[in-house]
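The structures come next, written out as structure tokens.
Each of the next two complexes has subunit A plus one more chain, namely subunit B in the first and subunit C in the second.
Here is the complex of A and B:
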């Protein structure tokens, strides 16, 4: 029962439009620092583009997808119209205003600080205030998801919350709490300096605050993808979810263990004690658990579909899968990229291994493979699956969809594998210029050229994605029926209270944040003499 | 297989408490084990840390700042810059300050020109950042930078005099770019050389970006730029806080120094 179709479509369209622009910027960045073209001779252009690419891809794009998909889930899984639709439009409006406010100074070169802010670099206050507005807009969504679930629970006492909505609300709570770190950094530290109320900033404390946000935000990006694994894929390929309980456990585990682990981004930072680094490393190992549960459960669900279609044998069932179905293709590609990216992640979380690849192109390769690859390819799948129900028109170009997904998969592999390799060779990230005539860097040139080719394959795939959606607009109106989610082999009849609500898990999430972040933050905040002069970008002030 | 729960007792099964106890128990266990390993076992396993006891290990792992040693720091055998640049140090809109600066600047005109444009290969000061003029004057006064001609002038200036002179020169118009033909910058200016730790000149001194305390060197005499690079490289000049310029200049080849000097001065040869 989708009644807020315009609202949901607005979120998806805005998300994909800004994604398209940022995709072009990304390809341009790869080209200009490759050996293929003479250098642009001005690093400022590069960092300007990099800031815009990161801000859009990190904050605007996945947040809009999570919100749009969240509203769709709330209406169709709960079977009730969205309560607070005006508020939802307000949240959307805040994101539009915030995105414009943030990206105008970036385009003018007044905020080339990258999306991770990197104090003591300080850009235009409008950039930071814009980012805050985007976050505030998304918090409205968090509140609405919570309210809609509460209304449903009151009307359906004792009934298990549908899995899609259960996961959706868990994702929204994760986002609400993880965004607090960057919000504290922006409101207490950066914005006062950007407004010139203060001229020094505690960069170490700011980095710790940002790490609070920086890792769990990845799991917030991941939530729509995991929801699609569990609730779209089995239905789309004619199977059933292997275990509803396993899915719930995976989602609540993300809530608990994706938060207190962010300091693994700061392993090489001197301001955090080694004991806390170990603590965060250990909990990072635990975050592999919900992913492994998911891989097992989804593989089992897919096998169920294959056997229902007559698949036989230990591995022979794989051939019985509906490979011509774009959703099947997307989930397979997503899993391959998740596998490689996850393996890289196990290296990053390890203090000693991290030392060799920290701040190299390996890291860029890692997060593009996970986010740009495993996560975004499922965003495409979500759009393909949901679109006919939103527009009332069939997406008929199945061949084009398959080609688009293939190109995205190949492009992402060709882009990120050479990045991993040059990272091992020591090529640093966030650099605008490499002198490939230097014998020490000449060895990187071939791999860099390969990854540029990958980048342009991704652009072609991105264009095809828009072609598929736009061709859908010209199809005749049809009724796609109500939007459904996959059902479990054993649909839940009763669910333990702990897996039907969030109090326990949110409590553990906050508790672990306090134990793992409390002392490092308090120590840096209370210690005098840790602030350094701000470096204003875009000229002297 | 279909136990429909009655609305009056939703999910109030006795197993609910079990979930709470187990979840909290496992989490606490994971935390305690990690904490004991990270804060006690691993620090104590490292003899280099020279830890006295378990409490010392915990403090070390938590990142508690160790007390500074009682030994006195080694003082350098030369004067270091004592300048601290704060945003409110130089009020550039104070007309009185600019006026006083204009009067005081008469004594500068013999080398730096009556309008801050030198005809003697001394730096052109017209339109220079106030923070730069102030810092150099103060460094001359304290002896952090030494020059036979400049030092005697600076020694007699008061704090306010230096602020006023800086405000005056910042008030004067900037020189137009000496390169009307749009000559492309040499590699050392645009790219630096990352492999030798040389940042692009333009990243701090204009063209690409400008950082507080870095002079604008566009239009400065080639001979002056070259002599300062050589002085940084040899260690004769060392009032660059944190040694940025000494580190860079030491790595530059003579031809790179010349290329940068020629480019910024606008001299074609």
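Here is the complex of A and C:
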């Protein structure tokens, strides 16, 4: 039963509107640094755009999706109206205010520091305070998810928590804890300097704080997608979840092992010793585990659907799948991109390979393929699946949906594959301009042009997405019935306490963070003589 | 778009479907763990056996005074021949250039590059090689390298360091070992900036 429809729709609409704007910025950036157009002559515009693109796509868009989807899950999986709806609106309001406060200085060129902050460069304090407000707004959601689950548990003692809600709350705890790293960096280091209360900053410590956030945030982006794999896809294509227990194990593993691995972003950094780099590398390998489990369970669940539809043979069942169903198409595309992106991730996770591609265009290609590809295509699927229940109107244009998903998939492949390639050739990231007349860079020109074409295919797909949603607004009112989630082949009757709550896993998450981060952070914080004067961006103050 | 209701066993028959699926699942989980262990073992082997390891020690330097005294004063930057025949290259990355802008190094020689930054975070990558490091003010990056062939490489800054970042490109010239030592005979520190 969905009672907070306006709240959920507000989150999704804001998420997709800011996504649309950031998508256009991204495509523009690809174009202006390609050989297709004469240079803009002013890198300032490029870096404003890049900061806005990253801030929106990294902080605002996925957070709003996770929140909106989270509220929908809480109401429909638990079968109870959302408790604390006013607080939820307050959280939404904080995100709106925070996003505006952060993006105005970015647009004015007063905070061209990119979404990864990069101290000792310091931008306008309003940028950082705006980002903090976005995070605080999302923490209200974390608290509400926890409270709603507690209320349900009190009313249903001993009953298994529905899988969708179990995963949703796990994702919220992951976010609450992983955001702490960047919050410490902002509150202890950056904001005091931005407000000119202090004038120096330890860049090495800031990088380690940020790495605390930087990896697990990706898994926070991933959570709605994985929830959709397990609880939307099997139902939408007429199948069943192969194993409820394995699904729970995958989600709690994400909670535990996606956190203490962030130093793999700092393999090439001088401020962290080799020992902790190896430790984080080993834990990064471990995070492949829940994904491998998911690949198996989802493929098995999809096979169940195919066999129920009369599919036969070792692989022949694939043809029996409902390929005309957009959700089927989306999950297939998502898996292909997850496969390539995951393989790339296995390359990044060890120091030896990472040395070749660190901070090259390979990395940009990698996270666009995983996040923009595998994850965001499922955000579209979630919207398509949930929309009729929110608006009371059917989304009838299935052909348009399929075209949109095809274009997103093709666009992502055409954008990111050449990106990976030029990265192997050593083309660095975050450059507003490349001199393609240099023979060493001329070899990249063709691949860069391909990427630009991919970027424009993505823009077309993005426009089609809005067309589908807006056309839905003109459809007549219908009753879509209650919003339901997939059930397991063997629905859980009882679940071990460890897989029905979070105490053990949150304990492990915090404990492993302390063992893997405590010493490097303490050492960096206590070591004298490494602080550097702040470099203010955006002109003299 | 609704799930069809079916018996608990998707295979159809009444055989031990649940037990069978649990067994397959366990096998897959075991295989997954084995994959993870293998990857970690390969990384450990490459690190220890082939000595492809990150910088072992964290070295610090005061970024506000490094231009006044010590290893990174301007007259000490560039390539230096050590008593054991190896070469040490010292460089500074600052908004928006490297000092020196052109590094010259010999072929077939163990080389250590030591670099740092006095202002913001930079990085360097020697294109066409796996020489790649961050340069963080307050810390010295030190890594070994070796070139088999003479040639020229671009060495851009690979980390966003401000709006002039896209203009921060240096060069590395790898020259024949004998030619390098001839040049080094009458110069304390070598670079190819003047060429």
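Quick notes
The rule we apply is simple: the second predicted complex is superposed on the first by the 541 of 541 C-alpha atoms of A that agree within 3 Å, B and C clash if a C-alpha of one lies under 4 Å from a C-alpha of the other, contacts with A are read in each partner's own complex, and residues count from 1 in each chain.
Everything that follows uses one rule, which is that a contact is a pair of C-beta atoms (placed from the backbone, for glycine too) under 8 Å apart; a residue touches a chain by one contact, two chains touch by 3 or more.
The structure displayed is predicted, hence computed values, not measured ones.
Once chain A of one complex is fitted onto chain A of the other, the partner contacts of A:498 are limited to subunit B, with no touch recorded for subunit C.
In the superposed pair of complexes, A:272 makes contact with subunit B and with subunit C alike.
Touch criterion met: A:235 reaches subunit C, while subunit B stays clear of it. Subunit A has more of its residues touched by C than by the other of subunit B and subunit C. By the touch criterion defined above, A:399 reaches neither subunit B nor subunit C. Legend: residue contacts after superposition of the two complexes on their common chain; A:288 is shown touching subunit C, with no touch to subunit B. On subunit A, the surface patch touched by subunit B in one complex and by subunit C in the other comprises residues 43-44, 271-274, 277-278, 282, 286, 431, 433-434, 438, 440-441, 523, 527, 533, 535, 537. Within the complex, the subunit B residues that touch subunit A are 1-7, 9-13, 15-16, 19-20, 23-24, 27, 30-31, 33-35, 37-39, 42-43, 58, 60-65, 85-87, 129, 131, 184-185, 190-191, 193-195, 200, 203, 208-212. By the touch criterion given at the top, residues 1-4, 6, 8-11, 18, 21, 25, 28-29, 32-33, 35-36, 39-40, 42-44, 46-47, 50, 52-64, 95, 116, 118-121, 123, 125-142, 153-154, 156-167 of subunit C touch subunit A in their complex.
Within the complex formed with subunit C, the residues of subunit A that make contact are 43-44, 46-47, 112, 114, 118, 120-121, 202-204, 207, 234-236, 238-240, 242-243, 246, 266-274, 277-278, 281-282, 285-286, 288-289, 292-293, 296-297, 300, 304, 307-308, 325, 327, 346, 349-352, 355-356, 358-360, 425-434, 438, 440-441, 484, 486-487, 489-490, 523, 527, 529-533, 535, 537.
Residues 39, 41-44, 157-158, 196, 199, 256, 271-279, 282-283, 286, 431, 433-435, 438, 440-441, 493-500, 504-505, 508, 511-512, 515, 519-520, 523, 527, 533, 535-541 of subunit A are the ones that touch subunit B when the two sit in their complex.
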